[in-house]
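Which chain is which? They are A, B, C and D, in the order written, and residues in each are numbered from 1.
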Amino acid sequence: MAKPDLSVEISGIKLRNPVMTASGTFGYGKEFSDYLDLEKIGAIITKGLSLRPKAGNPTPRIVETPGGMLNAIGLQNVGIDAFIGEKLPFLRTVDTPVIVNLYGNTLEEYGELAEKLDRLPEVAGLEVNISCPNVKQGGIVFGTDPNAAAEVVGLVRRSTSKPLIIKLSPNVTDVVRMADACVNAGADALSLINTLTGMAIDLQKRRPILANITGGLSGPAIKPVALRMVWQVSQAMAVPIIGIGGIMSATDALEFMLAGATAVQVGTANFLDPSAAQTIAAGIEDYLAKNGISDVKELIGALKI
Amino acid sequence: MAKPDLSVEISGIKLRNPVMTASGTFGYGKEFSDYLDLEKIGAIITKGLSLRPKAGNPTPRIVETPGGMLNAIGLQNVGIDAFIGEKLPFLRTVDTPVIVNLYGNTLEEYGELAEKLDRLPEVAGLEVNISCPNVKQGGIVFGTDPNAAAEVVGLVRRSTSKPLIIKLSPNVTDVVRMADACVNAGADALSLINTLTGMAIDLQKRRPILANITGGLSGPAIKPVALRMVWQVSQAMAVPIIGIGGIMSATDALEFMLAGATAVQVGTANFLDPSAAQTIAAGIEDYLAKNGISDVKELIGALKI
Amino acid sequence: MQFKSMVISNVEVSPAYFRMRMTAPPAIVEAIPGQFVMVRVRDAIDPLLRRPFGIFDLGTFPTEYTDCGRQTFCEILYKVVGKGTEMLSSLHHGDHLDILAPLGKGFAVGDPADEKILVGGGVGLAPLYYLAKELAKNSRVRLFAGGRNKEDILCITEFERLGVETYVSTDDGTLGASGLVTEVLEKHLAEDTGRKSLFACGPFPMLKAVAGIAGRHDLECQVSLEAYMACGVGACLGCVIKGKNHSDQTPDFRCVCKDGPVFFYQDLKWD
Amino acid sequence: MQFKSMVISNVEVSPAYFRMRMTAPPAIVEAIPGQFVMVRVRDAIDPLLRRPFGIFDLGTFPTEYTDCGRQTFCEILYKVVGKGTEMLSSLHHGDHLDILAPLGKGFAVGDPADEKILVGGGVGLAPLYYLAKELAKNSRVRLFAGGRNKEDILCITEFERLGVETYVSTDDGTLGASGLVTEVLEKHLAEDTGRKSLFACGPFPMLKAVAGIAGRHDLECQVSLEAYMACGVGACLGCVIKGKNHSDQTPDFRCVCKDGPVFFYQDLKWD
């Protein structure tokens, strides 16, 4: 049999395979370049970027929980100027699409940042984080209120002609309503899910373990919630979906595709295994070959009910 | 040092210790009587009861997920009459408070059931499930809309003078709003959390594993979310809270108490270890003794921020 | 009962099939054939739930050879199919387990005068060995053992040592007769029309076929079922199966863990 | 690099302290003292994250005694404090691990003419052994080892075999001088005012005290820090610590995993 076709497309971004790296878990790609071949994965999604450099939260910022971890990095990042000066030059040398994850503390910042990124030819698309639970000034509101979300999406849409992906929060009653609001406001694709808000406590010290008190839960623990949300949204509307949440293996990735995802992102798994994204992409190829499936796109939304 | 005081009180229900068994994971108590001493735990909460016997969902109804499990039992239960005839006689012989978990398919059923239970002297209190994600006819709506929740709670409140506990769903944007609505409508105490809605997929069969497609996620995986919600509600209002979600050990239980819970429920842990509830209660006693704490109530909400 | 157990031995008896012997309290000898154990593979959350296995054998070490008094043990025979069994297969002598046993309802022995026909598909053979040991004391016992290929045919010598007459078949003909075990059984029943009762354990389609055979030949027949289980004690209602009176209006669900795993075939709904 | 490793030995050297030797690829010998490894304890999700450990020693088996060519190995010295280290301690010869190594920035050796003062608190001693081995080749080395009690004093003989002069102290006086290791160090520095540089690893309060001493005596001083880590490669920003220029307005966070774990004390903010 011929080699199976692993390529997929997200609103014009052509990916050699459906496996991307999730924002905040893969730095700016370079950090992992000793451990995998960056040209064997579908796309690199960079750490959440803001207009100005951001210090993030005090430490501890991470803690392991059963089957998962909490993080409250607080979106520490170098800011757009240092990103262009220090991070893009390396990424330019890698023949893999770079999608920039971004967020703003205010509505205006989202717009301004999108405008700046629109001018960078190296940036294949934007992934807008309206769902980070750690930043009180905005994230949480935009991500849980359909009207506020629509407002951000609309503004960013007017600020860029690049493919526009909106990353949704799972901390909502009705993810389909949020998805709907974003698509109506101009989103080309949706990433789901971001982290679930959680908390961990140190009994002996009688204190929250994270300096930020609460943090975002990621890892295998959240996979069932993520799969459910991907499936709900894919049932409700025809928009390309990027599935995220606890993906550790090719099997996990393919389950998300059956549920309706066109591509997936690997997050926490990068910490367990820095070559995870490549291993998962190779595992998908293996699975297709073994099962006589010539094109991975056949699996998208192929769940039988 | 004298033996530490483990007793707590939930709206008039006196518990010898804060460890109860969660509804649906402990049958009607008898199933576990070979494995632990039912008179060494705080209270028994029985399987979700409805007015009429209920068949529940087709199988498979359960599946293991990373650090947790999904269930879609669909509230199979014997109905109030068989409960009184077949289950209560055994429970009457056990010197431990029995709290009945109940749900209705309609608003009226909630009221009718509460009225019937109100007449049973063996029943120490009612725990109303407005949060079960498996039954389409009602559960999900009551549990995620503050107005609908207030309506149920108000009706049940008028139908019983027994202590009234409302069990909240975590599948909401703002759990504090739900809590507030329930307390204003007459709830004496709140149980949180019920299960998170999730899904699991069989890649090879290309089908959801659960016959019901989605199910409720429980177990250690959800503990961080549960702790966060207990803490949020306890910060926002002064109502007794029963903490539930992934409690496996005395340490877990005490963390929930620090976050603001007056008592806890042990669910999935009963499957890993049928003596879990007793072991956890004993572990709490040990912890208090070792740390020179004379009364467990000192720990309720004692988290330092 | 719940007890801590130590692995005594854990041997691969056929590719991917392991036979594990572990210590158990003396009361284990009261277990009835067909009852099962729930094993907590690790004191960690991965895997989370216990795994159920039929009791393959029970016994007591002769005191002459040990200094520890009369140590009782039980055995399981399992196939590596996923995470839990994979981890089990890597355990060594001296490793620890946490066990619930004996669980569920076992096989009813029935009239000793009846000939006993045991039908095992693949690892479904596991609970039939302990059963055969009991039955062979008073009755004539035959075993029909089937599998997809020769690797799935387990411990036949052990059955033969009990005096059991064995009939082996494989789907691919790599061992014994070629074809389904139920075809071989049906052929045998056509020739031998004496009084007999059936005891079957294996995949659901096989059990369904056996139930059909029992119906056509009007034989007493007990089947041992599998189901996903969480609690193992009848509390979670995760493992239910439709009882004979089941309809959407008159639900009749039975717990495989508590009302079973062994059922008389007439008590179930086979659709 | 990332590699599969096999446990060679895993020995309890003091109550709750284990020394584990494991196979590593030949390139491991390029590791610089102070660099660390991230160990995936189990191929399962419990524990989920890798655990970081300093490199205690490196080496190569002499070919005369093995048939496998020149097998390189590395060693860690660890204390059982929680789930991950508990599981590590139960591993045996032949068990498998997945390792990232060498990670981070190690100690700068500095001027060989300087006397080298190593300060270790408890298991903070671990990375100092490999450091002492390198330093002792060209410099005079002294070790100040402190702990809460005698169980926390590890592998002193090993250091002495390298020709290192050792000074032991315990908080409770059960071994060596009574008191904090930094008190003993301070006393020594008051008497001996030759050129020297400090290398410290241990709990944060100890490192802070050492940094204070270095400042007062104007000595070059490197400290090796600990932090909760997820990625170990500078990507997750979970392990950050405040750099010297840090303020809320001008954030200056350094990654312990990538910019450290070894820092010159002046590069950090010690509030």
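One rule holds for everything that comes next: contacts are C-beta pairs under 8 Å (C-beta built on N, C-alpha and C of every residue); 3 or more make two chains touch, one makes a residue touch a chain.
This one's a predicted model, so the numbers in the text were calculated from it and none came from an experiment.
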{"item": "Shortest walk length in steps over touching chains, chain B through to chain D", "value": "1"}
{"item": "Any chain in contact with chain C as well as chain D", "value": "A, B"}
{"item": "Centroid-based (C-alpha) most distant chain relative to chain A", "value": "C"}
{"item": "Dominant chain pairing [most C-beta pairs in contact]", "value": "A-B"}
{"item": "Intercentroid distance (Cα basis), chain C paired with chain A, Å", "value": "47"}
{"item": "Centroid spacing, where centroids are CA-atom means, of chain A and chain B in whole angstrom", "value": "34"}
{"item": "Computed distance of Cα centres, chain D from chain A, in Å", "value": "36"}
{"item": "Residues of chain D engaged with two or more neighbouring chains", "value": "45-46"}
{"item": "Residue numbers of chain A (touch at least two other chains)", "value": "66-68, 219-220, 248"}
{"item": "Chain A-touching residues of chain D, taken from the complex the two chains share", "value": "1-2, 40, 45-50, 98, 100, 227-241, 248, 251, 253, 258"}
{"item": "Touch list for chain C against partner chain A, complex", "value": "45-46"}
{"item": "Interfacial residue positions of chain A with respect to chain C in the complex", "value": "66-67"}
{"item": "Chain D - residues contacting chain C, complex", "value": "44-46, 83, 87"}
{"item": "Contact set on chain B toward chain C in their complex", "value": "24-27, 31-32, 34-35, 47, 53-56, 59-64, 66-69, 71, 73, 76, 219-220, 248, 268, 270-275"}
